[in-house]
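What follows is a pair of complexes built around subunit A, which joins subunit B in one and subunit C in the other.
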Partner chain A sequence: MLKYLFAKNEDIPAGSAAVYWGFSAIVWFVIGTGLGSFNAAKLAFPDFVTGSEFFAFGHMRQVHVHAVIFGWISMAFGMAMMYITPALGNTRLWSEKLGVWNAFLWNVGLSLGLTLLWAGLTSGREYSDFIWPIDLFIAVFMALPLAINVWMTILTRRTQGIYTTNWFFAAATFMVIIVFLTGNLPEFFHLTGLTEAYLTWWFAHNVLGLWITPVAAAIAYYTIPKVTGNPLYSHRIGHLHFWSVVVFYSTPAAHHLMSAPLPEWLKSFASVEGVLILVPAIAFVSNILLTMQGKWNMFVENLEIRFTVTGVLLAIPLNMQGGFQQTRAINWYIHGTGWIVAHAHLALLGFSTFLEAAAVYLGLQSLMKRKLYSLTLGNMHFWLLLIGFSIYWISMTIAGLIQGAGKIYEVPYIDVVIAEHPYMIARWIGGTLVFISNIIWLYNMWMTARVGTIVPVGRMPHEMAYER
Partner chain B sequence: MNFREYKIGARMFGFALGGSMCITLFLPSFDFRSAVSTETALDKQLTAGWETGWNVYDPLMLGHNKPLKVLVKTDPKSGQPLAEATYAYVYNVGTPLPNGIDHPDNLGESVEKLSETKGQIGQKTANGTVYLIKHEGNVPYIENATATMGWTPDMVMKGASDSDISHAGAGKTLFVREGCWWCHTLLPEQTQDWQVFGAPPMLGDFNGESPTAFGSDRKAPDLLHVGSRNSSREWMMLHFFNPRLVQPHSIMPRFDYLWGKVDANGQKIDYAKWRTEYDEYHAGKRIDPPDVPMYAKNSEIRDLIDFMLSLK
Partner chain C sequence: MQKKSLTSRAFWVTIIAGMVTGMGNGSVFGAALMCLLGRGEFNDWGGWFGAAYDPSTFTGFIDACMILFGLMYVVIMVVGLKRHDALEKAAA
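Entry: the complex of A and B
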């Protein structure tokens, strides 16, 4: 892949950039979940590997978070954008070379940033932990080239309208740059105090709300109609989804700080807007599930559809939690507990990951014109991922409820730690299953690239039979 | 351009996103700007200095270029005993100043006014600066003691014994670097934490602090007032070296590596031996655990413990 960095744009085969992004994403997923499993082991067994700051929990936690968000999820997004955007515009990617360079710079920037984080060089701000030079690198050399490629591909499209997926791609690539530059203002200009605290959570909320959630949903808007052959149930509902994301999802940042001394009007406003996130959520879920009409057999038979629909179904508890857990009535109980950790994993490892995994499966097979190497391994990936995630989510939700009870009944904190111990072990087992599933996936995709059955021109991979 | 048919949509998008940014960024900025520093905020920013996250003055986050908080019992200039011992914040030459000194408008209106007129914080001093926190009525303000009384960093440091010097500013950097805030919050909640962890912070408690490092995922006790609950340096020392020495069920990592290479007597610390002996103790083959080495004065753990004890 690196040989294309210095090739002429027209000499680079279409889809090269997407394949580079896709494999990078899977590798980051293996790394990120491996770190997650290691961290979970340390929470269950604190004397597991001690004595060095490089294996201390406080040095590794943020590396896990950023490896999965910016490595796995965001690079899977990049992969999806590199092949879905041109496909929906009936054209080629605006610049394959820029796409390859972009993936390269993404890997370089992320490796550098994660290494620094691992050494403890951090801004000390959750989710915007990267130091400001890395933040600038991300905005200028990682996010901006992606936005340029997506926008130029849409502008040079050969279709009349712009399909739902591409509205989201265009808007999200633009918004994530704004979010990065605004959310890190405290680091660029040394803003302090409550402004710093609030902007930390303004960033954390919006990087999820204006980048991860809409792009993940946009991917489902492509994969479901593409694989089932059904047209999207309703473009009007798609409109509702898009506009309500922009209006409602961009405003509730303050609901992350309900127990901090922020202005009360801001907390109340954020809380109401937070419930209104249910509008895009319901629009999205209903639109996708209704698109499945008459093709529900594919939920069982087709791997990509199974991944996508599972992700969409997980969006239901995700948004029910998300909409209501930030209201004062519930937030006082579960704030700062494992419930929130479970919710975050439901969003990123449940909802979002399943949608992106489908896009990576579909994209890599289509672009490499190779049928998936092994359905059995694909099924193992799906089930280990789902079971591992479920164990994690359920155990952390229970642990969170225990912590909440401990909090309001003023139980000595150490008793809460003791009560949580079994759930910490369960979380580690769940996380390890996820890690193992991803190693299987990486092997399966690698073998697909090497020895997968060749898909004839004009056919879709899912139309072919599996050979193993 | 092929977006022509999306003219209305593009404008609506700009309007929607701009409106959202206006409500969530522009409007709250008035509230944040109107926050007036409390004494806690002045103490925190004078103790921690300019920045305790990553910054160009401390690129490896070793706690360099930080002020010292010194308990002053005698007037450093005249040598006369003070009526009441007071804390002085010593900024040697080159130590970056906190936001409240560089940008006094961050202090909030009344505090800013007093700090500038009575506290003379705008005065430039050549050989470093010593700051104090003073009050007029209920209003705290910062005083530049170098300008008002001629106290220089050298004089203050000369009269101070090591136990009067707190490295809490460097300690806050380590608190951030070591990720303590991934499990320990600095934010008792407004609803139910009063009894156990103490009073929640107030609106003006944060002016000038960066990063605030509230923490969001509480896997361990809140630390905002930990120095009031437990002020034992010895307990802190055992707990940091291996939390299981004082709390068998703790899941906190060991921070023994913050001791560095040598102990207070300059002897090399033999970690491998300590671990073997601890494992024997854990397995029931020893009655007592091995002794925790006394940390050196300039070790990182000293800074971190100073920070813990400063959290009153």
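Entry: the complex of A and C
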């Protein structure tokens, strides 16, 4: 793949950039979940690997979070954009070479950032932990080239309208640059106190709300109609989803700071906006599930549809929790507990990951024109991921409820720690299953590239899934 | 050979994905209700092992809600898939 960095644009085969992004994403997923499993082991067994600051939980947690968000999730998004944007515009990617360079720079920037985090060079602000030179690198050399390629591909499309998915892609690639530049202002200009706190959570909220959630949803708007052959149930509901994300999802950052001395009106406003996030959520879930009409057998038979529909189902509890956990009463109970960790994993490892995995499966097979090497391994990946995630999420939610009750009832801290211990072991088991599932996935996709059966022209890989 | 029904082929994914989906909704309902009712006596905090699943404790009530909502969501999915299966068989 590296040979294409210095090739002429016209000499690079279509889809090369997407394949590069896709495999990078899977490798980062293996690394990110491996680190997650390691960290969970440290919580379940406190004597596991001690004596070196490099393996201290505080260092490793940041590396895990950023490897998953900016390695797995964001590179899977990049992969999806590299092949879905041109497909929906009935055109080629604007610049295959820029796409390849973009994937290369993304891997370089992320590796550098994670190495620095590992070494303890951090801004110390959750989710925006990278130091400011890395933040600028991300905005200028990682996010901007992606945005340019997506926008230019949309501008040079050969279709009249712009499909819902590309609305989301264009807006999200623009917004993630703004989020990085604005959310990191405290570090650029040494802002402190409540301003720092507010902007830190403005960043964290909007990385989720204006990057991860809308792009994952946009992918489902492509995958379900493409694989089932059904048209999207309603473009108008898709537009409602888009504009309600813009209005309701971009403003409630203060609901992450309900216990902080921010102005009360701001917290109330943010809390109401937080509940209104249910508007885009309901629009999205209902639109996708109604698009499935007449094709529900594919929920069992087709791997990509099973991944996507499961991800959409997980969007229901995600948004029910997200909409209400930030209201004052519930937030007072669950703030600072494992519930929040579980909720973050419901968003990233549940909802978002399942939708992206479907896009990576579909994209890699379609672009390499090869049938999946092993459907059995694909199914094994799905089940280990789902079971592992479920064990993780249930154990962490219950552990969070216990922690919250311990806080309300003023239970001695050590008693809460002891009561939680079984759930920490369950969390480690769940996380390890997810890690194992991703090793299987990487092997399966690597073998698909090497020896997968070639798909004849005019057929889609999933149509041949059960043919020998 | 006739294919098995959609509900039987989707059995495990209905159980697991349906249960998790319902449990998420149950967690919100249970937490909201217990925040409304307020705390009880110290021994009712419900953190210790089996007490975390005893509906008469603070934590246990929410966990019971999660399980109940999870089961109900599985039922909703089974009913929904059954109806879709009938429609798809009729259309085939």
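Criterion: the second predicted complex is superposed on the first by the 464 of 468 C-alpha atoms of A that agree within 3 Å, B and C clash if a C-alpha of one lies under 4 Å from a C-alpha of the other, contacts with A are read in each partner's own complex, and residues count from 1 in each chain.
Everything below uses one rule, namely that a contact is a pair of C-beta atoms (placed from the backbone, for glycine too) under 8 Å apart; a residue touches a chain by one contact, two chains touch by 3 or more.
If you're wondering where the values come from, they're calculated on a predicted model, not measured in any experiment.
Thinking of the overlay built on chain A, is A:Q62 touched by subunit B (first), by subunit C (second), by both, or by neither?
first
Quick one: is A:L318 in contact with subunit B, with subunit C, with both, or with neither? Answer first, second, both or neither.
second
Once the structures are superposed on A, label A:I408 by its partner contacts, choosing first (subunit B), second (subunit C), both or neither.
Once the two structures are laid over each other on A, A:I408 reaches both partners.
Under the stated touch criterion, which partner chain does A:L93 make contact with: subunit B (first), subunit C (second), both, or neither?
neither
State whether A:W332 touches subunit B only (first), subunit C only (second), both chains, or neither.
Touch status of A:W332: both partners.
State whether A:F299 touches subunit B only (first), subunit C only (second), both chains, or neither.
A:F299: touches subunit C, not subunit B.
I want to verify the contact counts: of subunit B and subunit C, which reaches more residues of subunit A?
B
Give one of first, second, both or neither to describe whether A:V215 is in contact with subunit B, with subunit C, with both, or with none.
neither
Would you tell me the residues on subunit A in contact with subunit B in one complex that are also in contact with subunit C in the other?
Shared contact residues on subunit A: 332, 408, 410.
Can you tell me which positions in subunit A touch subunit B when the two form their complex?
Those in contact with subunit B are residues 42-44, 46-47, 50-53, 56-59, 61-62, 120-126, 131-132, 154-157, 161-162, 171, 175, 178, 182, 186-187, 190-198, 200, 202, 243, 246-247, 250-251, 253-254, 256-257, 259-263, 266, 269-270, 332, 335-338, 340-341, 403, 407-408, 410, 413-414, 417-418, 421, 424.
Which residues of subunit A touch subunit C in their complex?
293-297, 299-300, 306, 310, 313-314, 316-318, 320-321, 324-325, 329-330, 332-334, 339, 346, 350, 383, 386-387, 389-390, 393-394, 397-398, 401-402, 404-406, 408-411, 415-416, 419, 422
Flag every residue of subunit C that touches subunit A in the complex, lowest number first.
6, 9-10, 12-13, 16-25, 27-28, 31-32, 34-36, 39, 42, 44-49, 52, 58-59, 62-63, 66, 81, 84-85, 87-88, 91
For a test of understanding, state which residues of subunit B touch subunit A in their complex under the given definition.
Residues in contact with subunit A: 1-3, 5-6, 12-13, 16-17, 19-21, 23-25, 27-29, 31-32, 35, 41, 45, 50-54, 59-61, 99, 106, 176-183, 185, 187, 189-193, 195-196, 200-203, 205-221, 243-244, 247, 249-257, 271, 275.
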